[in-house]
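A, B, C and D label the chains in the order they appear, each numbered from 1.
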Amino acid sequence: MTYFGLYALQHRGQESSGIVTSTGTSIHEYKGMGLVSEVFDERTLNRLPGRTAIGHVRYSTTGSSIAKNAQPFVVTHGNRTLAIGHNGNLTNARQLRRDLERRGSIFQTTMDSEVIVHLLARNLQAGGIEEALVTAVSQIEGAYSCTLMTEDKLIAFRDPQGFRPLCLGMLNGGYVIASETCALDLVDAQYLRDIEPGEILIIDDNGLKSLNPFPECRRSFCIFEYIYFARPDSNIYGQNVYSVRKRLGAQLAKEYPIEADFVMPFPDSGNYAALGYCQGLGIPLEMGVIRNHYVGRTFIEPTQSMRDFGVKVKLNPVRDILNQKRVVIVEDSIIRGTTSKMRIKALREAGAKEVHMVVSCPPHRYPCYYGIDFSTKGELIACQHSVGEVQSYIGLDSLGYLSLSGMLDSTGYENDAFCLACFNGKYPVKPPDDISKLCLEQ
Amino acid sequence: MTYFGLYALQHRGQESSGIVTSTGTSIHEYKGMGLVSEVFDERTLNRLPGRTAIGHVRYSTTGSSIAKNAQPFVVTHGNRTLAIGHNGNLTNARQLRRDLERRGSIFQTTMDSEVIVHLLARNLQAGGIEEALVTAVSQIEGAYSCTLMTEDKLIAFRDPQGFRPLCLGMLNGGYVIASETCALDLVDAQYLRDIEPGEILIIDDNGLKSLNPFPECRRSFCIFEYIYFARPDSNIYGQNVYSVRKRLGAQLAKEYPIEADFVMPFPDSGNYAALGYCQGLGIPLEMGVIRNHYVGRTFIEPTQSMRDFGVKVKLNPVRDILNQKRVVIVEDSIIRGTTSKMRIKALREAGAKEVHMVVSCPPHRYPCYYGIDFSTKGELIACQHSVGEVQSYIGLDSLGYLSLSGMLDSTGYENDAFCLACFNGKYPVKPPDDISKLCLEQ
Amino acid sequence: MTYFGLYALQHRGQESSGIVTSTGTSIHEYKGMGLVSEVFDERTLNRLPGRTAIGHVRYSTTGSSIAKNAQPFVVTHGNRTLAIGHNGNLTNARQLRRDLERRGSIFQTTMDSEVIVHLLARNLQAGGIEEALVTAVSQIEGAYSCTLMTEDKLIAFRDPQGFRPLCLGMLNGGYVIASETCALDLVDAQYLRDIEPGEILIIDDNGLKSLNPFPECRRSFCIFEYIYFARPDSNIYGQNVYSVRKRLGAQLAKEYPIEADFVMPFPDSGNYAALGYCQGLGIPLEMGVIRNHYVGRTFIEPTQSMRDFGVKVKLNPVRDILNQKRVVIVEDSIIRGTTSKMRIKALREAGAKEVHMVVSCPPHRYPCYYGIDFSTKGELIACQHSVGEVQSYIGLDSLGYLSLSGMLDSTGYENDAFCLACFNGKYPVKPPDDISKLCLEQ
Amino acid sequence: MTYFGLYALQHRGQESSGIVTSTGTSIHEYKGMGLVSEVFDERTLNRLPGRTAIGHVRYSTTGSSIAKNAQPFVVTHGNRTLAIGHNGNLTNARQLRRDLERRGSIFQTTMDSEVIVHLLARNLQAGGIEEALVTAVSQIEGAYSCTLMTEDKLIAFRDPQGFRPLCLGMLNGGYVIASETCALDLVDAQYLRDIEPGEILIIDDNGLKSLNPFPECRRSFCIFEYIYFARPDSNIYGQNVYSVRKRLGAQLAKEYPIEADFVMPFPDSGNYAALGYCQGLGIPLEMGVIRNHYVGRTFIEPTQSMRDFGVKVKLNPVRDILNQKRVVIVEDSIIRGTTSKMRIKALREAGAKEVHMVVSCPPHRYPCYYGIDFSTKGELIACQHSVGEVQSYIGLDSLGYLSLSGMLDSTGYENDAFCLACFNGKYPVKPPDDISKLCLEQ
């Protein structure tokens, strides 16, 4: 079941996959580089007996892209084995690590997640797991939606801001934790509720126990989960992602109505906003480019050479559809702009007469330190360039970004529920000290 | 370049991949089970020097799904090395093999394609490669679109009926042969023309030479390439596949207009017919199910257990979109009906109020012996059941198949250009002797 | 049991290992590059069910050192599967292959052994396996000790000269065929008799059947099996190899008595002759160099770079034993002399005052075409140099080769029983036509 | 060079192999399960750039036989990377580990060696590497001959008793550390001196620096290195191992002269004592059993099933040599007696009339806690049985063990230089607390 759940969540990380199980007395693990389908087969799954399990698909935002950094991360300490899976980024990991090393701890990996385990280990001496958890979690800052497993407990905890999603479901009388509801759907589990921001939820033979050690604080849901990251069939922060995206597209239709022969997405990034946009304007939808299903997702791949290959092989323009046509592309976001530039060029070579683009969020101007990786691997084109310059760089006839207020209205949420740092630079949790200051200081 | 070409053609076979190159004096090969992206990497490609190359992605319709059966198939005979890649199925392979073995030939594989090489070898003694080719090709029957490479020649040949597509392109003054034009597009080659049915085309330092040893005969293009098999961005038999599919959908809208809240395909099988259908009727298109991009294509996988897993994990219904809605599914074909049944069940569980289905071709009633694998692995549901029974089995509120004449009209071709055997049982080339007679005799 | 037998015969080939089994109705095979211990484990052995089996360890004297050339070689022809294991070299393989290819046969490998299977296949059309065997075997020339397995028969055959050994044993009422008796010992089988030169022995449910299609001809046992190749604990051609080697050493003591502090072999090549020599003269034996047991046998490795590494790491001189001593090395043979030169240099660097060498056979002056690989991989130093020149090249104080008559006397056999071609150039079977004539013409 | 050194020391551990290199600024590692020749090839060695390196071959006496436990063990701590290779066994590792875990340390492996690194890490906070080393080393007890590498230093240290050997050599102006001198020989390094018991030797750009933090204490060299473990071509504790073994054999000849037809070792365990014994008595030496060189060393393999296979396939008796003969086996030691029993049985089945055995050390009655693994894997037969019972169990006509005083005299050393615990139960360093008391209490 964990294996199926990871399949449903594969879009959240394609670099490595792992499952750790507990029989109640012993812990078993299997991890590897690659997709769930590449790492696991019947033989390896059979070697994972147990009554509880946690799994993880990794998308490296900190720590190298190497096998040692695959999660769940397992350590044996004293007579106890702990396994942790972490979604998000700690902002004070480097400092905590420095402190721990100064006190003699030796780290096995370069992942921020390992800090949590060391804090737990130090605090486990003094008392039980609950106290240790509260003490450890109080020391870490940033984004973390975590599952933690001991031989006899399954624990979930989420940072007080609630950057990343984390939900609780029920199946056959047991509990299921997942980043998104689409994983519950696949295993036929029933959605119960979200793990609350700041909540520590402990599941064992005594049932559920919920700790809330943090003072109430402002929510900072990641709005980019709605725009791009989450699966459209998931419900995140209480809203269906597909529906939110359609509303973003409908709002775009109001803000940027364009006279064109047809609307198209680059599959599958802007699909749902495109539906909202074309239905809003009454222009037909066409699939002007065909996706090769045997290549992976552009944005998430870790090395430059793989990405360039992906752009070239992934989408083929259909000359017979595009020739002499005026086209509006609905895109979910523009990060570096290089991929868009290459795609627009290909559309024009295939005969498109006009190419416009509307984007279902405002310009990305600031890096994210909470788990979305457009901070280090590429420059944000909108950070240093005006909308006009971006339009010209990409080679568009026109370019329209959704307004911040239009975006917030489409979510159906209060405005102060979200982290909007990547758009407005207001970071709800202090970023790491020693990052490059380039964009922050503008 | 061959590697990229295979990427573009990956939909035609996912079981094994191979490339064979020639430097002019020596032949190098690399093959493996799996997708192009799994079999090849920089290191293996670097071990394939050469100035000419042929590649192949295999979809096993005859011969076992084992490494030895990967193509291109390479043999050394005398001082000459031959490599062959074969798309299609020979209908008299078993008999030819029996004859050859009786005369002392030893076969290395269980593939029908190996027969061609043995016939060539026998005839190469008597004369040159051209004579040997003509003699060999005259003995084989069925569907074959082949590339053949010797140290100094690249040869393409196609059966006189032209069952499977095969086209010729040009790039930087050199020639490129491919099953579909989408492979030419990817490598920026210019489409020149199709290899003609019955043509043997020889490319060497002297340029192109075309042989046409067969008497003129009726064409029998596989219409299922248009409906399902080929990529929408390819032009096949002179028509753009996407456009043909849209016309099939538009024709469906005329034949089966249904009052519904929205139209949806099961991505990506009926995507383009769905566009034609919804535009024809003015009903909105929605993506009622979300495809998980990390799982492969259902139809083409060789083992039952993988297929069942694929059905379960591949498409997730979006409850918020489907709830209380009347839905029309546009599907390209129904083979066994089991997958559709499971999907419709899932739609209803997600809340759909009415579920209708329209299919962009007539019922499949007869097996194919020319390279499409719905003959042996599954029973054709329409072979033994009426449309009403199929509707009821799948669990639909209504079911409409496109008419034969409607389908033919949509192709823009003369009616007698196609093999329609899977619909009407009229086999243009005699099927193998010893197949089960089940459906043929009805 | 076949697996254990191969272990016992590993010294005859270290390049690849394979086992093929038959259940009576189906054939199963597993082969790989490397030692028996590297290729097989419990899992792979479990996949080899059956009641009969043949195995092979390969030492490439013809055909490349690649996986495809591993034996037993298995082909399916008509409804029959044949597996063959071949020890020796055919001298007319190239010509037979040319003829077969001219008649349309396609070869899968570059091994001479494949010719036998093709001849069998051609003749199996006309009649039964016995007739086919007789006809096939009559066409091949050179050295061959073969095992052949069909679904229901185990067959052994040996060339009329009997170049290579082949013996028959019995175990639990069943029959065992092996190259050397040490394989029978390991599996506790009882030695019955040698397969006779020219004999075709067929074992099936009817028991043993022996065919002798050849006219009587002069024996040509390979004397180098006694001197170097066979295991000392085997009985070959009716004599114990250890005892023969000791007698060769004792004869050396008569022909070349040397005044020295001690006698030593380079382990393990001259061990047994050294025992004969030191006991003959009453000089103590010491182990002046220590063998590293984690490196393989020099002579048999296929690539140059591996051999040089082997020389450097394999034998370490013991300074405390050698210092200021007069030493006699007993060696079984000198092929290229390069290894000896390096070893003698190392002995002198470790302090040896005098280094003499006696060799338990005459100088090797001619290449072997019957299965011992000192023909192609290195020049025979004695082919172009006198004994004095060899002594000087290697850096010895004296060098004594055993006389031809002394060697023959030590075997306890009639003089005309052996192939002595490597010493005297008299080839009992015509060598291949197109070999380099360098040494033959001197 | 490290690779060659490991080859020379392969007899000290066959379970896993590893090399770690330093370029002066970065550390590179490669480790794997298996022999040096299995783990390393040109490609993996090329990935190990550097100017200093340490390597290790592991023989698991504590910690499981798994990949994670391969050495050298590398950790990154703060900005510093440490790599350690450890020969020997710590006797207080479990207690130290418990203490460290109580203070929050998390261990990555189950090896005692990891404790040393954690102690170093804790002490590195307070001061430099030298102080940290002295503090860490002062806390550990038992047997340790270690190499430690940082980016810019190569460090060797040895326990104050000097249980295991460790020597220093020089090559091309650089320094080489190795367990035995045979590794220096192989790389043409010059032996300088032993690392002294209790010495910490630091090598960096400033040359050698020697620390001696321990008070003088009684030496406890492992005498079993002389008898069995070390390579005969090494000089250990200032004596040549081969010569010591010959003297042990000569002493046996005095203590147990036996009238026999010949003397034989089981290769290669008693080879050198056998030479001393046969020369002392003037009886001939024969090789009554032939070793199959393609199987590994019995004693050192970690699993029971492999050992039993090894016994069966490894040594084949030569019937022609043994038949009707009176034989004396010279053996270096008897641990469990099961292997000897099987071998003697095989000799008798091959026809031996009388079989006597003399052993070049006294009976093994007590387990070793300092790095020789006859403590846990098998019962010591002499611990619970008299010499007569052992003789009878093995099936000998007579059995003679060398006397303790005879053994000590043969070493040429003062009597109080050695650890004799395995013979007399006097443990120079307190054994671990929680071992089974079985033998100690008798």
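The rule is simple: contacts are C-beta pairs under 8 Å (C-beta built on N, C-alpha and C of every residue); 3 or more make two chains touch, one makes a residue touch a chain.
Treat the numbers as computed from the prediction; the structure is a model and nothing was measured.
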| item | value |
| --- | --- |
| Chain separated most widely from chain C, comparing mean CA positions | A |
| Between chain A and chain D, centroid-to-centroid distance (C-alpha), Å | 53 |
| Centre distance in Å when chain B and chain D are each reduced to the mean of their C-alpha atoms | 64 |
| Mean-CA-position distance for chain B and chain A (Å) | 37 |
| Pairs of chains found to touch, sorted by chain label | A-B, A-D, B-C, C-D |
| Chain A contact footprint on chain B (complex, rising order) | 4, 7-8, 10-11, 14, 35-37, 182, 185-186, 231-233, 235, 240, 242-243, 268, 271-272, 275, 279, 284-287, 289-297, 312-313, 316-321 |
| Touching residues on chain C, where the partner in the complex is chain B | 75-78, 98, 100-108, 117-118, 121-122, 125 |
